[in-house]
Amino acid sequence: MDSIRKRARELLEKNTVKVVIGYGVGSDNTVRAIFVRRPEGVEELIFDETCVQNLAVYLLKNEIKQIGKLCIIANISALRTILQLASEHQIHEEELLCLSVTPNGELLEFTGFKDIENYISSCNRDLPDKESEMIKKLEKMSVDERWQFWMNHLSRCIKCYACRSACPMCYCTRCQVEYNQPQWITVEATLMGNFEWQITRTMHLAGRCVNCGECARACPEDIPINLLNYKTVLTVKEKYNISAGTNANIDSVMSSFESDDKENFIR
Amino acid sequence: MNIENKLLKLSSLEGLVLKLNQDGKQVFAPVKKDNIVNFAPVSAFHEMTQDYIVTARSAKFVVFPRVETILEMQFSKDNITLKDKDLSSIPDAVLLGTRPCDAAGFKVLTSIFEGDYIDNIYVTRLKKTTIISISCNNYDAKCFCTSVNVHPGGTAGSDILLTRIDNDNFLAEIVTEKGKEIVNKFDTLFDIAPDVNKDSLVANVPVEFDLSAILGKIYPRFESDIWVEQSLRCIGCGTCAYVCPTCGCFDIQDVSDGHNGQRKRSWDSCGFDLFTLHSSGHNPRNTQSKRWRQRILHKFVYVPEQDNILGCVGCGRCSRACSVDMNLKEHLINLIGELTK
Amino acid sequence: MEKPRIGVYVCWCGTNIAKMVDVEAVAEEIKNVPNVVVSRNYKYMCSDPGQDMIINDIKEFKLNRIVVSACSPRIHEITFRKTLKKAELNPYLFQMANIREHDSWVHTDRAEATKKAKALVTAAINRINYHEPLKELSVDINPATLIIGGGISGITAALEIADADKKVYMIEKSNKLGGYTADIDLTYPHLSSVQQMLGPMIERMKKNKNIDLFLETEIKEITGYIGNFETIITPKNDNETKLSFGNIVVSIGLRSWDPSPLENYGYGKFPDVITSVEFEKMLLSGNIAKKDGSIPKNIAIIHCVGSRNKNYHEYCSRTCCTVALKYANQLRSAFPNASIYELFADMRTMSKGCEELYTITSRKKVVFMMFDQENDLPGIRKANINDNCEMIIELNEKRSRKFVEVPADMVILMVAMEGREMVKEVAQITGVSLDGNKLFIEKHPKLDPVATTTSGVYTVGSCQGPKSIPDSVSQARAAVARILGTIARGTAQVAGTTAHININICCGCQMCISVCPYSAISFDAEKNVSVINEILCQGCGTCVALCRPNAIDIWGCSNRQMTAELTALLLSD
Amino acid sequence: MSDFQPKIVAFVCTWCTYAGADLAGTSRIKYEPNVKIIRFPCTGRIDYMFLIKAFANGADGVIVSGCHPNDCHYVSGNFHARRRWIVFRELVDFLGMDVNRLCFSWVSAAEGAQWAKIVNSFTEEIRQLGPYKAYMELVKKDKNESVF
């Protein structure tokens, strides 16, 4: 923690960066994002295992970008997001500076995307155990049971789009859900509309999701929508051996192909 | 009408819910499912949970559903037939277990839906809904009703207000004619009220800020940096508006399969960037700070000025639901600090 | 957008549609669909009176959308688009419902077929509400032509174009020109020398300054579109060369089939069982002899080896019957006393002068015997020591219904012609489809037999289907006529059905750029958006389906149109 | 259930499967009338949302068909489509949709008989499965007056 504060202070004092996006203490002893712009503000910065929010979501926010060069205190999810966003040409190396802390408390300062790639390649990118087990459990269910499971959950969805807003990869200028010519997705927060929305959201994140879980954390109705993305993460990993957010220069899974992609269902 | 006090035994509530259902009324009460408490249809009282401060979502859905078909169209060759919503199809409903803040919220919604334009669907729904609230005997860190002039034992907006006297008994305050109708219909369930001091039975929610420091003083700070400062963290989702008991913004969409069509009204949020996007491409509220400012101003400036009612009831739902900790109470206190600088 | 005024025309196609679909009922019911102003049915919509009906209605009823419910749009979409043009209506304000190939011809229940027709037409109508007038783009034509394959078709095409003073790039995989024709001794039916005919043509090829010849060269990739193709080749002993050209002629011919799998003929087992191609070389060398050098006394020619045979090639290789007759004649001249047998399944001598050759041959002491190609092929066994011949062919003679043993010292197998080994690669490179027999598919089997579905690419000669020299030459000249016409015009129209980007919505992720097979999308770094080159875009729509914010849509197959078609199709079902 | 006539929509590319279906027609091969074709330039164009919209509009089954690998008129559209199908199919299966109601196939312009075979067998499969009640339930709920 001290090393982060020290480095953040230096960066702000030397005007190397204009703002440090990091974690601070929120209401009721929770953790929340803070935006430090003055050297003395660095004392508010914290970093520990409770700092789970994927702060990369703020990198594309206009009012934050306008402040000037950014420094982000990035957890693994955020680092992977940065690589994925870079591969999609949304952020550029010179625009930001990444700090992180290893599990044994060592401060990391990344000089570029290549540096992040190297670090990420050594990190655990597996899905959380709880979710992995839940996916396995769902896969073992019958189709009808799975359908019931999701209908029960999706019936609660109020289409607040917190899942979309919290996702750092959902940066589209205009979400497909906003189209009404044609009305791709039933507007209303009805079961069908919610179902269609989740299919769209997951498909759009296929091969791009870095399994940060922000979507489910943001959901005010506690719908485990991250399972959908995680399932797709597994599919992509299994079929194409690709994990999103590991390389700043590769084509996305859905915009590339191998002429011998394997499947067993096409007649 | 003068408020009439009665006694309602906890044991009678089972019968009340049953009878209300038998009477053809749809009864909604807080139900705990997957650890979230929300209003849901109940056929028996025991389905209702007692373990809640407020529900996650507000009760506004009964009068302002998250989706509502407000008009139907039928296309035939060279002709379109329009059919207004059949108001008689709206069912009688009873809301049981709303909090005084929820009930107060309906007043705000009414000021919106019965403002310049009278929205008959809303009016009918509200007319057909009986609100049986339960006073708060508990609160949490996100509650700030008393700071916005709502009382945990307040009757405003309720038809009947129940206040827990002890384990087995409620004080039932019959606030409106609609409430009285219920009592008259099921009079065997109600007894004569004992003499109790209601104030001692409800939670003592501390006043956290001085409302008068805000009211009438925000607008001059329209261009202040504080809006940017406060909203940097906001990710622009619609959660706060969707859980809010007083947010009445909606979107209207026409859907059709070429033969039949519906005009549907669904919840919307001023927090979305598309909310104010013009067809020209211009967006007057093109940044999150402007949209955050709108949210605060709507509740604390525009509604009070236009309708003489405060747009926030201090239920704290927005702060509880927010995934990035946009704590409204904290922001209001912080705003007062800025205003008094 | 002006309010749609739709005219719907349900075609009978004589009895082709009307027999299975109640076209009158369809036309009647369609009248009730919103925006339909006129709904008619007529015997042949594609006929002049049919087209005139549309033109008159457009004028009289101020129609601004036309739906024709008839055959496949792959056949008559272009016809009717031209009709619209004549009536000064944008040709893209048109949609066809296929109620023939996809309905009347494949169903047996009239009520069901009629119901399906209604659904298909209703869907087309609902979709056309969202059609927009599109502009066709004009592209300049590079006057050079690439010819792939230097057989008789390719040579003919090359000389014809070069003679018109236009550039030709001839790519030939082998080290010489002439293809299979170069290995032929005499042609049928007049037994004239191929070498006398082909030799001078090849000489002209080599001398013509308009022809750049690349022998022992293969094509790996072609980029671009009609008028503006490009390729990079690496000729043998030479540097990489970039070629630009406006049209492509594919003339890669066919190869002869290896008859080893037909074990009953013993090819590879008996030294004197040879293929027609091997025999032709023998003729060319002027020395007809058995493997041991001796003269054959009994010679049998077996037809349809691997052709017209479901297990190998279902099609007829078309030239072999007459070639076999030619062999009998040449053999008779060489060996006046030899016994010559023609073992055939059916004698097919359809070209000019060929039946006459059959008659002439039959008077030359040639024994003709027929076998059952489908169920009972002849078999060859080694002869006994006292049989006085090398081999015995056993067959059940079909006409006499007798079992016959034919003595043979040499057996010539008239082998099938089939697609070359690299035909799939060539098809892929040129963007032309192959049929199940690995033959190139023409744009229209009757009305456009040399063009392909890819504009600017023509397929001529045997690779389109086995054919004789005159047929190959005719095709080559037909393709050249088309190409020279395009070059003379200087421009070609390319379809307006291209993708387009709404730059206000594009978020600059550049995934569309990754998927575009034509490099038609580039990135505007200043505006941070993708930009589509409409001329390069071929309208496949892969980028459309990939674009998450729906910034890309495609003219003529827009999301709005397709969903309108879909909903109406399902709801009217 | 045997008299149940399934509604099936087929999204096909114009170069291969549409042409193959044309060939089935010119060859007068008879098949079931339940499948109705919508023509796209390429399988690469077929957004998975069309499949979802088909079910939303009452389809009991959906066919998606195009050129065999390496035979795409547009070089690689079918390869991109295939990736999309693989991910999409896994996802909707995980969501509890019945993937037996989705038929993906490669049918070339030369395979008229193959097209007829696919139509017939898939129609029969859907007939056995019956109407897609689970999805219809969604649609019905969607048409409900208002949602609480």
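The chains carry the letters A, B, C and D, assigned in the order they are written, with residues numbered from 1 in each.
Following the convention adopted for this analysis, a contact is a pair of C-beta atoms (placed from the backbone, for glycine too) under 8 Å apart; a residue touches a chain by one contact, two chains touch by 3 or more.
These numbers were taken from a predicted model, which means no experiment stands behind them.
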Chain pair with the higher count of C-beta pairs in contact (A-C, C-D): C-D
Core chain by centroid distance, with centroids computed from Cα atoms only: D
Intercentroid distance (Cα basis), chain D paired with chain C, Å: 28
Whole-Å gap between the CA centroids of chain A and chain C: 51
Centroid distance [mean C-alpha coordinates] between chain B and chain A, Å: 33
Distance from the mean Cα position of chain C to that of chain B, given in whole angstrom: 70
Junction residues of chain D - those touching two or more other chains: 48, 53, 57, 70, 76, 80, 84, 147
Residues of chain A engaged with two or more neighbouring chains: 174, 176, 182-184, 186, 188-190, 254-256
Shared interface positions of chain B, touching two or more other chains: 66-67, 257
Contact set on chain A toward chain C in their complex: 88-90, 171-176, 179, 181-184, 204, 251-252, 254-256
Complex interface listing, chain A residues touching chain B: 26-28, 30, 32-35, 53, 57-58, 61-64, 153, 156, 158-162, 164-166, 174, 178, 180, 183, 186-190, 214, 217-222
Sites on chain D touched by chain A in the complex: 48-49, 52-53, 56, 69-70, 76, 79-80, 82-99, 103-106, 118, 134, 138-139, 141-142, 144, 147
Footprint of chain A on chain B - complex, ascending: 34-36, 38, 56-57, 66-67, 141-142, 228, 231-233, 235-239, 241-243, 251, 253, 255, 264, 266-267, 269, 272, 274, 287-289, 319, 321, 323-325, 327, 330
Touching residues (chain side chain D, partner chain C) in the complex: 7, 9, 14-16, 18-19, 21-22, 24-26, 28-31, 33, 36-42, 44-48, 50, 53-54, 57-59, 67, 70-71, 73-77, 80-81, 84, 108-111, 116
